[in-house]
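Read through the structures below before going on.
Next, two complexes with chain A in common: one pairs it with chain B, the other with chain C.
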Partner chain A sequence: MSRTHIVGHSAIRVDGLAKVTGAAQYVDDLEFGPGLLHAAVVESPHAHAEILKIDTRAAEKAPGVVRVVTGADFPYTFGLYMSDRYIFAMDRVRFVGEQIAAVIAETPEEALRAAKLVKVAYRPLPPVLSLAEALKKDAVLLHPKLGEYQRVPWFYPKAGTNIAHWRKTRKGDPAEGFKQADYILEDTYTVPRYAHCPIEPHATTAFFDMSGRLTLWASSQSPFAQRDVMAIALKPFGLTHRDIRVVTPYVGGGFGGKAGVSMEIIAAVLAIAMKGRPVRLHWTREQEFRNTSQRQGVIARIKMGVRKTGEITALEHTLHWDAGASAEYGANVVNAVGLSATGPYRIPHVKIDSVCVYTNMPPCGAYRGFGYSEFHFGLESHLNRIAKAIGMDPVELRRRNAIREGDTLAYGAAMNPGNLLGAMDAVAGEIQWGRKKKSKKSHKVIGKGMACFWKAPALPPNASSSAYLKFNEDGSMNLSVSGMEIGQGFLTVMAQVAAEVLTVPVAKIRVETPDTDRNAYEWQTVGSHVTWGCGNAVRAAAEDVKKKLIATAARGTKRKAADLYLQDECVKSRKDASFSLPFRDYVISGIMQPDGRFIGGPIHGTGMFMPEFTTTQGDPETSQGGHPNVHYTVGCAGVIVEFDKETGKMDILKVALAVDAGKAINPQLVRGQIVGGIVQGLATALYEDIRYAPDGRLLNPNFTDYKIPTALDCPAEIVPIILETPQPDGPFGARGIGEHTMIASAPMMANAIEDALGVRLKTMPLTAEKIALALKGIDYEEVKGDSLGFCFRGRPCDYPFEVGGGIS
Partner chain B sequence: MSIACEFEYVRPASLKDALRLLARPPEGGAMPLAGGSDLIAWLRDGAVQPGLVVDIKQLPELRGIRVSGGGLWMGAAVPFSELMESPAVQKHAPVLVEAAGVLASVGIRNRATPAGNICSAVPCCDSGPVLLVYEAEIHVATLRGTKVIPAANWFLAPRRTALPPGGLVTGIRIPVARHAGAFAKLKRYRGEDLAQASVAVRVDAKGAWRVAFGSVAPTPIRGRKTEKILAGHKQPEGAVLEQAATAAEAEVAPITDIRSSEHYRRLMVGVMLRRSILLASARLVGKGAAYGINIIEEDAP
Partner chain C sequence: MKKEIFFQLNGEPRRVDVAPHETLLDVLRGKMGVHSPKEGCGRGDCGACTVLLDGKAVRGCLVLAMEVEGQAVTTLEGLGRDGPRALQEAFVEGNVFQCGFCAPGVVLAASALLAAHPDPTERQIREALAGNLCRCTGYEPIVKTILAVAKKKKGRKAKPSSAPSRRTAS
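Let's turn to the complex of A and B:
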């Protein structure tokens, strides 16, 4: 790869000035004038109940109320991958907090007061709050119409059950593989639900104008996907894609929670109900917890066989996911894991069953890591335990099985380039793996832990990106893309890609947040794919501009295009060193000819990208034959932790994380993603913990009892390590790294805990409490009380992993 | 954030006016507003729906910190931050300063008051154990006159206190005496948190110990049995320390909730007590870490 001048260097963020000065606008900063209406939602107090009657009369008469809307007005379902989510609950409610009606009023307070006056008569149904209950024969069904929902072709819902999807991957002959094993370990691991907790809760203001134009200003990662989902769901109102416009200003954090559509569609229909006046619907922190999407809880059974020499011979990985009341997005998380739950290892015999189960808990969906953090916890814990059992260093065990370019993946396709061994070496060196460290305090002990990770974007095979680039009179540029700037530095990286091709400084390129009317198309900002996918589109657009720059210069100066090249914002000639034509002299106004005519005109370019080699058409029984994932990014993380043996409290002395970025287009931003991913990952590993009452009520929809890290909770030292094995189809060799940086946190910590204290924790989070109790011989599962963090009762080791009624 | 409930807001000019308003509340009742860090959250959640909110934070009678007549007086409207910075409080009630340092966040401490904290009277209130070991007096005013309630008689049940109807806490008085002490708070992480369990200890020059606990009973409680074991030991160690920890674990009555299991709370009461005693006895002889650390997260030298 030739030397780059802008790519690979840490350009200053293009959105930095707007953010530090407060100029950056978020949805709540936008003004809509005195006509703005405010909405409040009526929520279900039951986890599962039939709705007998909704009486809105008192609410309609309340002061300031202009309209009360229920499911009778908008009896439709929606969903990104499967249309199983209801705009308003219709005949039944499926989780505590589900929207049943909305009150639109002149002020937020009037809307809130009137919402309390809506009377709903329910007939409670038995709530399905455990996976075993949901999967038993003759289970209470959450979605009797499951078979009728629209869905993508790679989902396999089982009508007449609570199974929204079941991804099966089969490779080789596991029975044979286990026969070859010298040692087999089988155990169960659990991961509870988590919440995204963006600083900015979901917010949408919607306006349906008198001409029938619907505009939404939304805090979203997915303006185009939202437009598409709404155009499909709201078709009965005659709305088409051209009638719907989604504007997404800056977003205060998403982490997957603002992918797809959740509350935005409520705002949209309220606007339709109030044609001519904008309607504002902003979620409270509590609603952000209970009625957007959460990360799915999972219980996973791992059976792995190895030879004495360390080679893994077979893996059976069974995962039952608590998807909640809707699986319209979560089923794709389940799908992604079903394809990739081998981890970054060469395993000849594989059986994966990843089962997506409806429960009467809030809906789940995308969350940074998309299922990979969840399955790595068990898998990477399991590897350490196996290493211990066969007397091998756990890093050595991983080295012997590490996946390499060209290896056959579980679903039959070939592995892309990636330097997993290099990542292990770098991290092992950084934390002095293998060397014991002693604490200076008698009540403390120091341990080390490592874990590897991999992840692929989970995209539909036709998820595509596009970009427009145009010049201004002074040679500055506007770049139009629709990936979302959600803090990761996307806009800056896209400017760098264009700048590299065109030799225009990054500071001269303006990149704005999306508006579906005006910006280039982007499927969604998810899956750590935009640097790669949208970067390819931007590069193509820049190449298009470059071609036009040269062609126009050649025509206007009577030179051969083949002799011309770009340098320092000028067209130059290899044949004539004295020739230099600055872009600003002609990119709008053209090149003046001796006779006074002008040649050229405004120069702009377009680019698009689609991963044309991808297909989801594998065999549903084995997943063989498709190429569902574009590529995997691999890496490794390690930690040095000091433990207080009495309290279980941890001091994280150092974390090192190496990830193979292919090419770090902006190394500083990559390091930022690594630091952020580690901090977020450690929080989910150590103390974040969603808790439910036995009746399905969320007990901690607030930061009083759901803890996210503060500055005080960051590790003392974080060492980000960037490896660069080019991705052949990535822009300048880049591939995604954003989500990956939090995946290894939990198993790395679990491994450090065992290293230091000899205690193996198999249920997340790995709290100080669990450690302190385990050191006293008390199993936290026995004393935790009746609140639920994940959707099963009793001890994880007793979970049967049975699917009733002979469904397969 | 919207507060849906409607109420009158009044900021009276004197204590007398405030008491008059509180004595004749409108429909829905009247609630005093000092720092508001609990009240505003309750209003927003709809947990309380008063007809009247009486803003007392500017009342001159409720301001000020002074030492007189052998006591440290802290006005009820003085927020934690101000107390932490007061040389008089640092000198005469250093355990309160230590507890304030791990209470909520700087922003909350700039508004919240110990008086408000003990009026809310949740089992985890950090001021509770501190005022118990200081044997503080809670000064209360009503239209009929003033009253002094010992901290030991203040907490009746979760969110229930000895404050008479229509009364206001005007201030808290702590008797001045030479002593050392420590406050330990168990939290789920290093950021601001409600106590999973807390321990306050105070020892005087004769080796008389006072011990109190938070979050391990329906109210903050004194540890009288623990104190008896420690009595007379200026520098408890070995068997005495272990007996004290065992007694403490036995005399608390924690529950299991989403913040902690009963088992962990009990176990940590013992650990925190041992560490607090060692720190307080070191401080008593001019050693030990300066006030203002959390010995659960930082090592006391």
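Let's turn to the complex of A and C:
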């Protein structure tokens, strides 16, 4: 690959100055004038209940109230992959906090006050708050209409059960594989739910104008997907894609939580109810926790066989996911894991069952890592335990099984390039793997842990991207894309790709956040795919512009196009060193001819990208035959931790993480993703600890009781390592890395705990309390009390992994 | 019940009618068109609403508007009035912030720290920012940049001194 001048260098963020001066506008910073109305929702106090009656009369008479809306006004469902989510609860409520009605008033205070006056009569139903209960024969059903929901063809819901989706992957003959094994380990791991906690809660203002046009200003990762989902759900109002416009200013953090549609559709229907006046709806921190989406909890059984020499012969990986009250997005997390739960290893015989289960808890969906953090906890813990049992170094065990380019994946397709062995070497070197470190304090002990990771974007096979580029009079440019700047630096990276092709400085390219009426199409900003997918579209648009620059210059100056090239914002000639035509001299006004005519005109270009090689049409029983994933990004992380042997308290002395970015278009932004992802991952590993009461109420929906890291809770040293094995179909060889950086955190910590203290924790989070109990010989499962982290209680080793009623 | 209050907002005298229950954050954002202080939690946990009250960093969501009568309130809009300061420039140069939602609070909290302690240790910086939650950056680039800006300023004032300060483990 030829040398690059802008790609591969750490350009200054195009949004940097706006963000440190307060100029950056987020959705609630937009002003809508004195006509703005405010909404508050009425929420269910029950996890599962039939709605008998909703009495809105008192609320309607309250001061300032202009309208009260219920499900009777908007009896529709919606969803990104399956339409199982209700705009307002209709016949029944399915989780504590579900929206039943909304009050629209002149002020936020009046809306809130009146919402408390809405009287709802319920008949409580037995709540489904246990995966085992949800899966037994004759279970109480959350969605009796499951078979009727619209869905994508690669979801397999089981009507008449609580199973929203079941992804099965079968490769080889596991029975034969286990026969070949010298050692087999089987055990169960649990990972609770987690909350995204972007610092900006969800917010949407919607306006249905008198001409029937619906505009939403939303805090969202998915403007186009939102428009599409709403056009489908709101079709009964005659709304088409042309009538709906979604504008997304800067977003104050997403992490997957602002992908797809959640509360935005409530704002949309409230605006429809109040034609002619804008309506604002914004979630409180508490609502952000319980009524957007959470990360799913999971219980996973892993059975793995190995030879004495370390080769893995077979893997059976069964995962039961607590999806919550709707699975319109969460089922795709389950699907992604069902295809990839081998981890980055070549395993000849594989059986994966990933089962998405409805429960009466808040809905779940995408969260940075998309299921991979969850399954890697068990898998990468399991590998260390196997290594110990067969007397092999755990890194050596991973080396012997590490996946390489061309290896056959569990679903039959071939692995893409990626340097997993290089990542392991880099991390092992950085944390001096194999060398014991002693604490200077007698009550403390130091341990080391490593874990590998991989992840693919989970996209529909037609998740496409596009880009428009145009010149301004002075040779500056506007780049239009609709990937979302959620902090990762997307806008800057796209400007760098265009800048590289066109030799225009990044600082001369303005690239802004999306507006579905005006910007180029992008499916949505998820799966760490936009650098890759949208980057390809931007590169194509830039090549289109380049072609026009040269063609116009050739025609206007009577030169051969083949002799011309771009350099320093000018067209130059290989044949004539004296020729140099600055872009600014002709990109709008054209090139003046001796007779006074002008040749050329405003130069612009377009580009698009479709991953044309992907298909989800594999066999539902085996997943063989499809090519559902575009590529995997691989890497490795390692940690050095000092533990207090009495209290279990941990000080993280050093973390190193190596990821194969293909090509780091902006290395500083890649390092930013690594450092941020490690800290977020460590928080989920060590202390973010969601708790539900036995009746399904979320107990800690705030930052006082659900701890996210502060500046005082960071590792003493973080070493980001970037590897670059080019992705052949990526822009300049790039592939995504954003989500990957938090995947290894939990298993690497579990492995370090065992290294230092000899105890193995199999239940996340790996709190100091759990370590201290384990050191005292107390089984945490015996003393954990009755609050839940997800729909599971009891001892993980007793969980049967059964599905009743003969369903398979 | 409403009362008119007077205070300095970003160096200019302002008056506004406020109700007893209204917070400074509500009034700045809702009545005065000042949007850089953000609401992230509404209960003093996240620090996104940080503003300076007579130079001290406070939570806009925990201060009642009536309390600021006669005082000086500074938001990010006021800090950068004469062009971005050295700290803001360093944050831009280092590509420090990601989503940027916490940035107004962090910039103000860091400015207040550097005004009170021109040469803080890393530990002091981390403590001063412990009430400003950031979900994106892992804090490291923020802390390092503040440290570097303080060192540079000190270097300009006095003769360049001894070894760099030791990293304090957290």
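Simple rule for what comes next: the second predicted complex is superposed on the first by the 808 of 808 C-alpha atoms of A that agree within 3 Å, B and C clash if a C-alpha of one lies under 4 Å from a C-alpha of the other, contacts with A are read in each partner's own complex, and residues count from 1 in each chain.
Criterion: a residue touches a chain if its C-beta (ideal position, glycine included) is under 8 Å from a C-beta of that chain, and two chains touch if they have at least 3 such contacts.
In this text the structure is predicted, and so the values were computed from the model without any measurement.
Peer 1: After the superposition on A, what does A:Asp138 contact: first (chain B), second (chain C), both or neither?
Peer 2: neither
Peer 1: Is A:Thr767 in contact with chain B, with chain C, with both, or with neither (first, second, both, neither)?
Peer 2: The first partner, chain B, only.
Peer 1: A:Thr704 contacts which: chain B (first), chain C (second), both, neither?
Peer 2: Once the two structures are laid over each other on A, A:Thr704 reaches both partners.
Peer 1: Tell me which partner A:Leu712 touches in the superposition: chain B (first), chain C (second), both or neither.
Peer 2: Touch partners of A:Leu712: chain B and chain C.
Peer 1: By residue count, is chain A touched more by chain B or by chain C?
Peer 2: Counting contacted residues of chain A, the larger count belongs to C.
Peer 1: Touch test for A:Tyr780: chain B only (first), chain C only (second), both, or neither?
Peer 2: first
Peer 1: Which of the two partners, first being chain B and second being chain C, lies in contact with A:Thr284: first, second, both, or neither?
Peer 2: Both partners, chain B and chain C.
Peer 1: Is A:Lys649 touching anything from chain B or chain C once the two structures are fitted on A? First, second, both or neither.
Peer 2: First partner only, chain B.
Peer 1: Could you pull out which residues of chain A sit against chain B in one structure and against chain C in the other?
Peer 2: 284, 704, 709-710, 712-713
Peer 1: Along chain B, where are the residues that touch chain A in the complex?
Peer 2: Residues 1-4, 6, 186, 188-194, 196, 256-264, 267-268, 271, 296-297, 299 of chain B touch chain A in their complex.
Peer 1: Touching chain B in the complex: which residues of chain A?
Peer 2: 108-109, 112-113, 116, 284, 441, 646-647, 649, 683, 686-687, 689, 691, 699-700, 704-705, 707, 709-710, 712-713, 767-769, 772-773, 776, 778, 780, 783-785, 787
Peer 1: Which residues of chain A touch chain C in the complex?
Peer 2: Residues of chain A touching chain C: 10, 12-13, 15-22, 24-26, 28-29, 31, 196-201, 250-255, 284-285, 486-489, 492, 651, 653, 666, 668-669, 672, 675-680, 702-704, 708-718.
Peer 1: Would you pull the chain C residues touching chain A in the complex into a rising list?
Peer 2: Touching chain A: residues 29, 33, 35-36, 38-43, 45-46, 48, 75-77, 80, 84, 88, 91-95, 97-104, 107, 125-127, 129-143, 167, 169-170 of chain C.
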